[in-house]
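Each of the next two complexes has chain A plus one more chain, namely chain B in the first and chain C in the second.
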Partner chain A sequence: MKKIMNLYILFFLMLFLVALFRPYAFFYGLQRGSLYSLVALPLALILGIVGLLNLAHGDLLTLGLYLGYILFNQLRFDPIFSVIVIAPILFIIGFVVYKLTIERVLKSHHLNLLLITFGVSITLVEFINLLWTSRPRNVYVPYATKSINIFGINVGAYEFLYIAASIGVLLLIVFILKKTRFGQAAFAVGQNPKGAAIVGINVKLVYTITFSLATAMIAIAASLMIPRVSIFPHLGGPFTMRSFCLTAMAGLGNLPGIVLSGITLGLAEAIVQSIPGYSGWSDLVFFGVLILVIALKGYRRAVR
Partner chain B sequence: MKKLLVFLSLIFVLSAFAQKPIKIGAILPLSDITGRQAANAMKLAVKEINDAGGILGRPVELIIVDDEMKPEKGAAAVDKLATVDKVDFFVGGMSSGVHLAQIPILKKYKKITVWIGAASYKCEEAIGADADWYFHLHPWDYLQGESYAIGWKAIVERYPQVKIEKIFLAYEEGAFGTASFKSYLDEFELAKQGTGVWAGLMKDLKGAPFKSAALGGGDYRAMLLQAKQYDPDLFIWAGYDADAVPMLTQAKEIGFAPKLFVGAPPGWPADFGKNPLSHGVVLYGMWAPALKDVSPIARHFWDAYIKEFNEEPATYFAPLGYTNIYFLVEAIKKAGTLEDKAIIKALREIEYESPVGGILKISPSRIIKNQGFRAQKILQWQNGTQHVIWPFEYATAQLIYPFPGWSGR
Partner chain C sequence: MRKLSFIIGAVIFAVFLPTFADMYLIHVASSIMIFMCLALSWDMMLRTGQLSFGTAGFFGLGAYAAIIAVDDFSVSPVMSIFIGAIFAALIALGLGVAVLRLREMYFAITTLALTSVFMVLARNLSNLTGGAAGKILFHAIFDGDPKKIYWLILSFAIVVIALSEVFERTRIKYAISSIRNDELVAKSCGINIFKYLLFVFIITSAIQGAAGAIYAQQYAFVEPESTFSSNFLLLPVAMALVGGIYSTPGPIVGAIVLGFASEYLKLLMPYGHLIIYGIIIILTIIFLRKGVYGTILDKVRSK
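Showing the complex of A and B:
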């Protein structure tokens, strides 16, 4: 408990120092990092309970963005509210993808699981490319470009929604896992699937619902991102990579750690980008911080 | 009877030979809109040529191979077209990276090649001065840079209120962006010494890289803040189509509205013109749909393309692909033979009025002997339409200056 407290104190100290010396980087890092967390949380949920690293995660996000684009373009559906439509559609897509592909190789080697999600990823990208071509699409709503003045600093207001949404999704997942019957069953399956099966939990059903639910949760990130990004078939790939990094950095099953890791990496990226002439180093710093944290964790475990 | 049979067989063989198609092998990235539309335009040109009786009494056959924008696939496509399909000519092209891998293979076959892609000077260095058989239609990056300077000088003369002394170049951190920045730096060094095309125009230059949205980036705010602090007369970004709208969105967000907001991506997103933020954005391009209002060949191409494919040409690679085939075919017609030397001579002599806008004529560039187009055009998005601002002979609208800013949109 003391270690966790120390970690939080260190985290908030880092936030304070960045805000003091690089105020723009503080806001940008906070916003961007929250987006990374928002996208990573559903991936972490699947990894924690089903034990599956879904390489098609980012591509499902891309699909959600295209759905939002169509809703806006054809029906003038406001991007933020499009989550109401996108989430059920993604739930069904997640269900179908799981039943048709993942479930069939779930008991085989881990490599087969990776390969099947890699196959799903390629299929999704090619399907999207075929339907909408590689040409980027955009949605414009004036409220997504409004800015606010905080202590004399002009910052975009819209991306603060990412912070609220990432905390909201974290609380939602924790609530489902701790307070609902399904969540408790899922938690048990995540801990020990064989034991859970012995006590009568339908492990197959838990896996299916967890995967579909996590896929539906991607809709929250997708609907918020619609007016802020260019939508194109390969958009999701880097988000899969970042989500995996965040999960690896936080550690399996550590959901609040995903948000902290996201913000830490977002801040590291923003600080480097704010130094003139060194913005190209941001990826290096992103992955450097990741390697450092994982190495330190490994070292501490070895010492113990 | 025996003689008659031999005679008939001879006639049959000769007629079969006479009808043997002239094969053109095209290599394009078909999953990208540039490659897909260039391929369509090439098919349209071949259809028109064959409908008109072909060339040298023979039909033209177009064989298209997808390079998937991957260097290894692009290089393998050259081998496949040369050995399996046995094509007579190579055409096509888009990415410089892919072309760099293709050049050693093209040199192996030395077939006449008329290329519409690959703007990087590195490709010109790789081709070298001795490749008589190589014709490059797309302006090299440094030629583009020079043409912008020529264009801006002409604009400054015509519109005295326009000032282009401080330039800020935001460039994507990949090969395309860094090559653009390097060429600007070279030009700036020359301008400081009072030489080069930017002399008398560019007084100061600053650059900052950004990670393109196409490559997993998309946060330009730190770079835009640097640009805002610098307060340039002309802000230009060299990136990809995926950067266009987020760049404007974030510029609006931080209140950055330079007097000239210029974008230089190879293509623009779908419906970019419909986005209110696009109004007033200047761009460089080889072609604009509005050219159809001032050029009959551009009008013919526009109408024929829409009729054939039920979509509008959206990238300059469409009229460039059409030009690619016609330029080669006109040279073959002029040569009257498929002999390499005669066709090379004809390619160097002909003048072809292109739907891209302008007369295509071959002249030497820094290294190669056979360079086609040398200039891009200066265009501007105005109320949803791309208008030609310069060259003035193809102008379809007046320049809106300064950039209208963000209020009310």
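Showing the complex of A and C:
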């Protein structure tokens, strides 16, 4: 318990220091980091309960973005409210993907699980490529480009929604897991599938619903991102990687840790970007940390 | 005996192919053999039970090392292939010490991330690698003579196939299959798991590096996006899966089948023909666990 307290103190100290010395990087990193954790939370949910690393996670996000783009373009649907439409569609897509592919190999070797999500990821990317070509698409809404002035610094106002949304989704997941009947069943399945089956939980159903629900949650991130990104087919790949990176850093089952590590890495990325001449290196922050964290964890396990 | 004569016949056919085939076929055969080597190297790593997504990364490393060796240090192009292989092997040695402590998805995603790291390095170390624009040589290897390039790639492919057979027939096979099936048992039989994994990782990375070097010398240029392209991961994986994993003939059969199929598909649908590979990966994992070669072998044996 004391260790966790120390971590929190360290985290807020870091926030304060960054805000003091690099205010632009502070706001930018806070916003980006929240977005990363917003995308990472559903992945962590699937990883924690189904025990499956979904390599197609980011590509489902891309699909959600394209759906939002079409809604905006054809029906003039406001991006933020398009979540109402995208979430059910993604829920169905997640359900279909799970039933058609993943469920059939769930019992076999773990390599098959990874390979099949890899196959799903490729299929999704190329499907998007085929349908909408690789031309980048943009959505413009006036409210998304407004900026506000905080202590003499101009920062984008729209991006603060990311922070609110990531905390909101975190609370939603924790609420579902702790308070609802389904959530408690899912929690039990995540801890011990065999034991859960013995006490009469329908493990198959829990896996299906968890996967579909987590896929539907990607819609929240997608609908918020629509006005602020160029949408292209390969957008999702780095997000899968970053999401896994955050999950690995926080440790399995540590949902608040994902938001904290997301913000930490977002800040680190923003600081690297703010150094003149080194902005191209910012992509390395995530991968460097990923390799470092995983290697350290693996090393510790090996030593033990 | 029939098997041996078949192999000798296939090798003779492959050696004399350029004397009667047209340029297009030679070119297609060369690129299929490059991918065949990648598929074999990926499968060799998989035989230890470790799923590596780093194929494209080491491929690109070898390509960059070879091009830089020729351009900046005026090494001869043939020597540069060895340099590409050695460079990839050295990096694999350094990284393997840390990465090979990982298992399952942690290993897979870390190797996937390594590819991105190499790409970012290649893009940003612009003094050495030419940055985002890449590097172009004035002359391709053998002045771009497709027949000589074909023979070079063929001899490389034969070396890789022989290596894969060594892995299948010597005591290494028993070590790596026991690691794949149960690490605890392997450990208690006195197998040094880490040593074997590192050995296989270095060998496969060297193969990937050499393949990258040959590919880069053939086209005489490197560029971050296309050299580290995910094609060099996706196609070998699909080929090995289709042919059948954990064997030497599997990836070879898969590479030949998918290689010719992809040439046809490219003409049929210029955009997004890769979707077929994704679907093939999914379908083979669900329905054809042993791949085409393994299924045929089972059918023949049961008769």
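Assume the second predicted complex is superposed on the first by the 287 of 304 C-alpha atoms of A that agree within 3 Å, B and C clash if a C-alpha of one lies under 4 Å from a C-alpha of the other, contacts with A are read in each partner's own complex, and residues count from 1 in each chain.
Here is the rule we go by: a contact is a pair of C-beta atoms (placed from the backbone, for glycine too) under 8 Å apart; a residue touches a chain by one contact, two chains touch by 3 or more.
Every value quoted in this text rests on a predicted model; they were computed, and no experiment measured them.
Colleague: Look at A:Asn192 in the shared chain and tell me whether it touches chain B only, chain C only, both, or neither; answer first, second, both or neither.
Modeller: Neither partner.
Colleague: I'd like to know which partner A:Asn129 touches here: chain B for first, chain C for second, both or neither.
Modeller: Both: A:Asn129 reaches chain B and chain C.
Colleague: Touching A:Asn202 in the superposition: chain B (first), chain C (second), both, neither?
Modeller: Neither chain B nor chain C is touched by A:Asn202.
Colleague: Thinking of the overlay built on chain A, is A:Leu114 touched by chain B (first), by chain C (second), by both, or by neither?
Modeller: In the superposition, A:Leu114 contacts chain C only.
Colleague: Quick one: classify A:Ala25 as touching chain B (first), chain C (second), both or neither.
Modeller: first
Colleague: Is A:Gly280 touching the first partner chain B, the second partner chain C, both, or neither of them?
Modeller: both
Colleague: Return first, second, both or neither, reflecting whether A:Thr180 touches chain B, chain C, both chains, or no partner chain.
Modeller: After superposition on chain A, A:Thr180 lies in contact with neither partner.
Colleague: Is A:Arg228 touching the first partner chain B, the second partner chain C, both, or neither of them?
Modeller: Touch status of A:Arg228: first partner only.
Colleague: Looking at A:Asn6, would you say it contacts chain B, chain C, both, or neither? Reply first, second, both or neither.
Modeller: neither
Colleague: Residue overlap on chain A between the chain B contact set and the chain C contact set?
Modeller: Shared contact residues on chain A: 129, 133, 238, 241, 280, 283.
Colleague: Hey, which residues of chain A end up touching chain C in the complex?
Modeller: Those residues of chain A that touch chain C are 53, 101, 104-105, 108, 110-112, 114-116, 118-127, 129-130, 133, 238, 241, 244-245, 248, 280-281, 283-284, 287-288, 290-291, 294-295, 297-299, 301-302.
Colleague: Under the definition above, what is the set of chain C residues touching chain A in their complex?
Modeller: Residues in contact with chain A: 46, 49, 51, 53, 98-99, 101-106, 108-110, 112-114, 116-117, 120-121, 123-124, 234, 237, 241, 269, 271-275, 277-282, 285-286, 289.
Colleague: How about chain A: which of its residues touch chain B in the complex?
Modeller: 24-25, 28, 32, 129, 133-138, 140, 142, 144-147, 154-156, 227-230, 232, 234-235, 237-238, 241, 269-270, 273-274, 276-277, 279-280, 282-283
Colleague: Touching residues of chain B toward chain A in the complex: what are they?
Modeller: For this pair, the touching residues of chain B are 31-33, 36, 173, 208-211, 213-216, 218-219, 221-223, 225-226, 241-246, 249-250, 252-255, 267, 269-272, 275-277, 314, 406, 409.
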